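Both complexes shown next keep chain A, but they swap its partner, so chain B is in the first and chain C is in the second.
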Partner chain A sequence: MTVITDALCPFCGCTCDDITVVVEDNKITEVKHACKVGAAKIKGHHRIKAPMMRTDKKGEFREVSYDEAIEAAAKILAGSKRPLMYGWASALCEVHKKGILLAEELGAIIDNTATVCHAPSTLAVHEKGLPSATLGQVKNRADVVVFWGSNPVHAHPRHMGRYSVFAKGFFNEKGRRGRKVIVVDVRKTDTAAMADEYIQLQQGSDYLVISALRAILAGQAAVVPDAVGGVPKEQLVKLVDTLKAAKFGAVFFGMGLTQSISRYKNIDNAISLITELNAFTKYVITPMRGHYNVTGFGNVCAWETGYGTAVDFARGAPYYNPGETAANDVLLRKETDAAMIIAGDAGAHFPADSVRHLARIPVVQIDPYWNPTTEVANVVIPVAICGVEVEGTAYRMDGVSLRYRKLIEPEHPTDIEILEKITERVREIRGD
Partner chain B sequence: MTLKVNLITGRTIDQGVTIENKTSSDYQEATAYCELNSNDAGKVGKPGSNIKIKTAHGEVVVKLKENNGNPDGLAFIPMGPWANALVDPDTKGCGMPGFKGIQATIDATNEKVLLMKELIARYK
Partner chain C sequence: MELLIKNGAVFDPKNGIKGDKTDISIKDGKIVKSVSSSAKIIDAGGRLVMAGGVDAHSHIAGAKVNVGRLMRPEDTRSGIKPRTKLTRPQTGYTVPNVYAMGYRYAQMGYTTVFEAAQAIMKARHTHEELEEIPIIDKGALTLFGSNWPTMDFVREKDMDKLAAYVAWGLLASRGFGVKVVNPGGGEMWGFGKNVTGLDDVVPNFDVTPKDIIVSLMKVNEMLGLPHSVHLHCNNLGKPGNYKTTLASMALADQVKAARDRQVLHVTHITFNCWGGTNWGDFESKADEIANYLNNSENVTTDMGQLIFGSATTMTADGPVQYANAKLLHAKWANGDVELEDASGVVPIFYVKQVSIHAIMWAMGLELALLTKDPYKVLLTTDHPNGGPFVNYPEVIALLMSNKKRQEEIKTVHEAVHKRTKLPGIDRELDFNDIAVMTRAGSSKVLGLLDTKGHLGIGADADIAIYDLKPDQIDPSVEHAKVKSAFQSAAYTIKGGEVVVKDGQITATPTGRTYWVDASVPHEHTEIMMKDIRNKFKNYYSIGLANYMVQDAYVTHPKVVKAGVIPVEVS
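Here is the complex of A and B:
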């Protein structure tokens, strides 16, 4: 029996680094300190045992060798005029690097799960920048914490405990009692139920409410109507007073902003509010990133290509224009003629029309588990689980890079090995 | 009666726990339902009964759940293939489909909730 302490959790953007894992006979038998989501991910369960292939997507899969599956995958991708390579967020940065290399080789579009998560936040950051801080700064300093369109009790279960609400910090010895917690949402979530102040706005009115807060902050409360987005003006005026009274304020936002009408403009406006608050006191804003290494993909892709995601290599040089080159854009336009889905599940998390198009084109899936993408795949290549069976680098939601150790020996090849072999075969097929 | 709602989709902790186990009944239980407050829910059925939700983009049958955190007229379905049968695919020029703020109607139904495999088979 081996006990591994201070292991990192490979589930959400909190990347908790205090996990204890008990290993017996190369099996994880116990996971301590993790939330139930993290524990479920680390423990794992029924894996896809061997590579599988089929020609008819309505037919059954037959098990094949890794060589046969890699050969089929390389042929599909090399023969494609407009390949899409999507997923990546549940894999380590070393995998991303290999994937971007293959995308360049193929002239493919490479996009990650941020496309249905925080990619609009990136668009806003292009416009306004991001006044931000590490989670350690928030833990040590924040006395006002705002969650806007974000429900960490469900999506980031240890965020409040480790970093933002309950944690005691260097300048905040009282923990929860030393912080004022504000939740802005469209329904009273379990996070809202724990807040000191809950502001319920009408769904889709975030932009209006942020604009009203900016007007009040600028001393123009007179122009604000009696209610904005269903929120009484008095409540908004009181909120601005609370925000201004902070010594160090931290705003965390989620899909409530990125997926509602106005999309990236909501975040653009929120960043402006934070910038303006910094004229009075210290404020930071941080997106609540979902997958543990979705931030890592954005970083690797940015330093390799100049852009964070939705990068199109068709012109021979990186081109980026979400709305045109994001995964759902090219699927909905029926432009993609083959797809590789890796470390992400488009079948489960894309709109029906996008999945319909995936069901019509050749699909290669690289993943440890059977999921809705498997249902529309032609070639399925099972791999080791990054962060549990594979070591490497991931980026926490605040951009801090952390090194994951291998907890157990893998029984499957790694994503890196599979991508290297596919790239090698693609080059041979194309005669490069 | 037919109930008109504004539909949003999003994460829940049980959706997260079962996300790597999408062929399981646990995943279906964690994601193939729709939450309404008890006032709205009472108009279309009892908690646990089947309801059919329709939008301009698709329709799906899920279980009815009550959550009194929801204001009147707001429906919530955990993210996943059942929710995504209904969402607005339009990426509004920035790559992001409309996963929140979709006009929908809800009716009681005797039709069954499709398994994940059956649901995806509709797209083939």
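Here is the complex of A and C:
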């Protein structure tokens, strides 16, 4: 029996690094300190046992060797005129590096799961920047915490305990009692139920409400109507007073803001609000990133290509124009003629028309698990689980980079090995 | 592998060679006395030969740089080059991708570059990028000036603990030296405040910026670190800040250097030699700084030269970045790091007809031209704060040609006449001065002059050959030729390998990462670690076990040993 302490959890963007794991006979028998979702991810379940292939997507898969599957994957990619390489968020940065190199050589489009998550936040960052801080700043200093369109109780279960609400810090010895927690959401979520103040707004009115807050903050309350997005003006005025009274305020936002009407403009407006609040007191804003290493992909892609996601290598040099070069752009235009989906699940999360197109073209899936993407795949290559069976780097939602330990020996090859072999074969096929 | 460079007009200040035809023998990556007859020969044909360029202050890797990329796709779009059989794609101008960083430095004949600031907690990110920068040797300076342990040990006046913390922090971050940015201000920015001078008390920690600077200089010399304390002064970005800068420089008199170098390096003077009291009476006090340097042996500086056009300001000085963003109505990224420091990123465009920018442009040049000893002023642009490093050849040309300066002065805001001394300065630097400011001086300042920045026996075989013949050119008149030659080296040799020929990349070896392993008595580390463990238990948001940069992130290390030696305090 081996006990591994200070292990990291490869589930959500909190990247909790205080996990204790008990290993017996290369099996994880116990996971301590993790949330239920994280523990389930670390323990693992129902893996794909061997590579599988099929030519007819309506037909059954047949098990094949890794060599056969890699050969088929390389042929699909090398023969493609407009390949898409999508996913990445549940893989380590070392995998991202291999993927970007392959995308470069193929002239592919590479995009990650942010495209259906926080990519609108990145667009807003292009416009306004991002006044942020590490989560420990929030833990030590924050006395006002706002969750806007995010529900950490379910999506980031230990966020409030470790960083934002219950956590005690240097300037906040009282933890929860030393903080005012505000939740803005269209639904009274379980997070909202715990808040000191819940602001319920009508769906799609985030932009309006943020604009109203900015107007009130700027001393222009007179122009704000009696109710905005279903929120009474008095409540908004009171909220601005609360925000201004903070010594250190932190705003966390989720997909309620990025994936509702107005999308990136919501974030743009929210960042402006935070910037303006800094004229009064300290404020920071942080996106609640979902997958544990979606932030890592954005970072690796940025330092290697200059852009965080949706990079098109068709011209040999990186080209970036979300709306044109993001995964769903090329799928909805039916431009993509082959796809590799790795460490992300397009089948489950993409619009129906995108998935329909995926069902029509050759698809290579690299993933430890059977998921809806498998249903549209031709070649399925099972791999070791990054962060459990493979060590390497991931970036927490606040950009803090951490090294994941290998907890058990893998029975499958790693994404890195598979990508290296595919790249080698692609080079041979193309005569590079 | 042997190489012989013949007929070069060599400028090697450390060894007193000023343009003499000198052959250079190379074997196994080092400069040696002689090579066998089978050595490959490069005939320099009377062209200019210098050691590979060494940059002691440039923001090339890490969280701030990557935030710059993420928030500036408009910058990434400039400078795009597709991949080739040999090279990865290049993007960006002020915030290039990792590949462009290495290629562009090498193309200018530079072979060693130091990232100027990393927070320990984010050092893993810095090293991830450094690992991917091709060709050049590199390293990173580690921020200590607002770290809670630093301030605790300064308050306790416990220099042993502070030394142990600095040694441990360098190990944790695989850092090369002690960087101090707006000491105390980083902590105060945690609540949106700042210090206003060397004697302000940092709330909750009960120390002053002065205490922090002096204590860190003391332990830096106790540890005998290769580099001195590297200071970004308080009040940067505020008119009148030259007084704070001078007062900070004077603090160096309190400590004696443990090695043959300065006690304090004060960086990017362009941003802290500001006179006046507001933007209306803003003026250059670079002459006052130069005057100080001319009468002191304890302090070195670098220019932080402003380059007109696009730049991206990025610094651990969080409050100055918020002020910049407000002033410029520009997008603003802030990146405070718990228990350690602040940071911010703001794009800027320097305009010739904006009086402030014109005056700032003059400041760096004034400093370099009015300071007699070029060893005291390194050539930098504080990349990408003053402008991107690819503009060093422009700066070289400006320093070598009064004619070029006067032509340039005609095109910039007239304030440059009244508020700076530049128009009246006719000094022109020579190739030897340039070799000091870009090679020997930066190596000396970093404490690496034994193997870097010179061409003597035992030095690393990092060499640049430029396509100009010093005895046949008048840089004062033919400044365009000088600029063009320095932009595109005829040869860059890195560790004995030709990496650039005629300005084109010919090989992309992996450079080494310099970091300092400083020893302290075990019992000092033990006592210090009690405090550190407490910080992790209660305040950090990650565990101590996951904090330090692992070996996997420094795959080609060059470890420089240092350790506790007695310090003389005068």
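Please note the rule applied: the second predicted complex is superposed on the first by the 432 of 432 C-alpha atoms of A that agree within 3 Å, B and C clash if a C-alpha of one lies under 4 Å from a C-alpha of the other, contacts with A are read in each partner's own complex, and residues count from 1 in each chain.
Here is the rule we go by: a residue touches a chain if its C-beta (ideal position, glycine included) is under 8 Å from a C-beta of that chain, and two chains touch if they have at least 3 such contacts.
Quick caveat, the model's predicted, so the values are computed rather than measured.
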Given the touch rule stated above, what does A:20 touch, chain B (first), chain C (second), both, or neither? neither
For A:326, decide between first (touching chain B), second (touching chain C), both and neither. first
Pick one for A:282: touches chain B only (first), chain C only (second), both, or neither. second
Applying the document's definition of touch, where does A:242 land relative to chain B and chain C: first, second, both, or neither? neither
Between chain B (first) and chain C (second), which does A:131 come into contact with in this model arrangement: first, second, both, or neither? second
Touch check for A:37: first (chain B), second (chain C), both, or neither? first
Name the contact category of A:316: first (chain B only), second (chain C only), both, or neither. second
Overlap of chain B and chain C contacts on chain A, residues none
In the complex, go through chain B and note every residue touching chain A. 6, 8, 10-13, 16-23, 57-58, 67-71, 74, 76, 79-81, 84-89, 91-101, 116-117, 119-121, 123-124
Chain C contacts chain A in the complex at 61, 63, 65-67, 69-76, 80-83, 88-92, 95-99, 121-122, 124-125, 128-129, 132, 148, 189-192, 204, 322, 325-326, 330-339, 345-346, 538-543, 545-546, 550, 552-553
Which chain A residues qualify as touching chain C in the complex? 5-6, 8, 17-18, 93, 97, 104, 122, 125-137, 139-141, 162-163, 167-171, 247-248, 275, 278-279, 281-282, 284, 298-300, 302-308, 313, 315-318, 320, 393, 395, 399-403
Once bound in the complex, which stretches of chain A touch chain B? 11-12, 35-37, 40-41, 44-46, 57-58, 111, 115-116, 119-120, 123, 151, 153-155, 157, 186-189, 192-193, 200, 203-204, 255-256, 258-261, 263-264, 290, 310, 322-323, 325-329, 332, 345, 347-356, 358-359, 368-372, 375-376
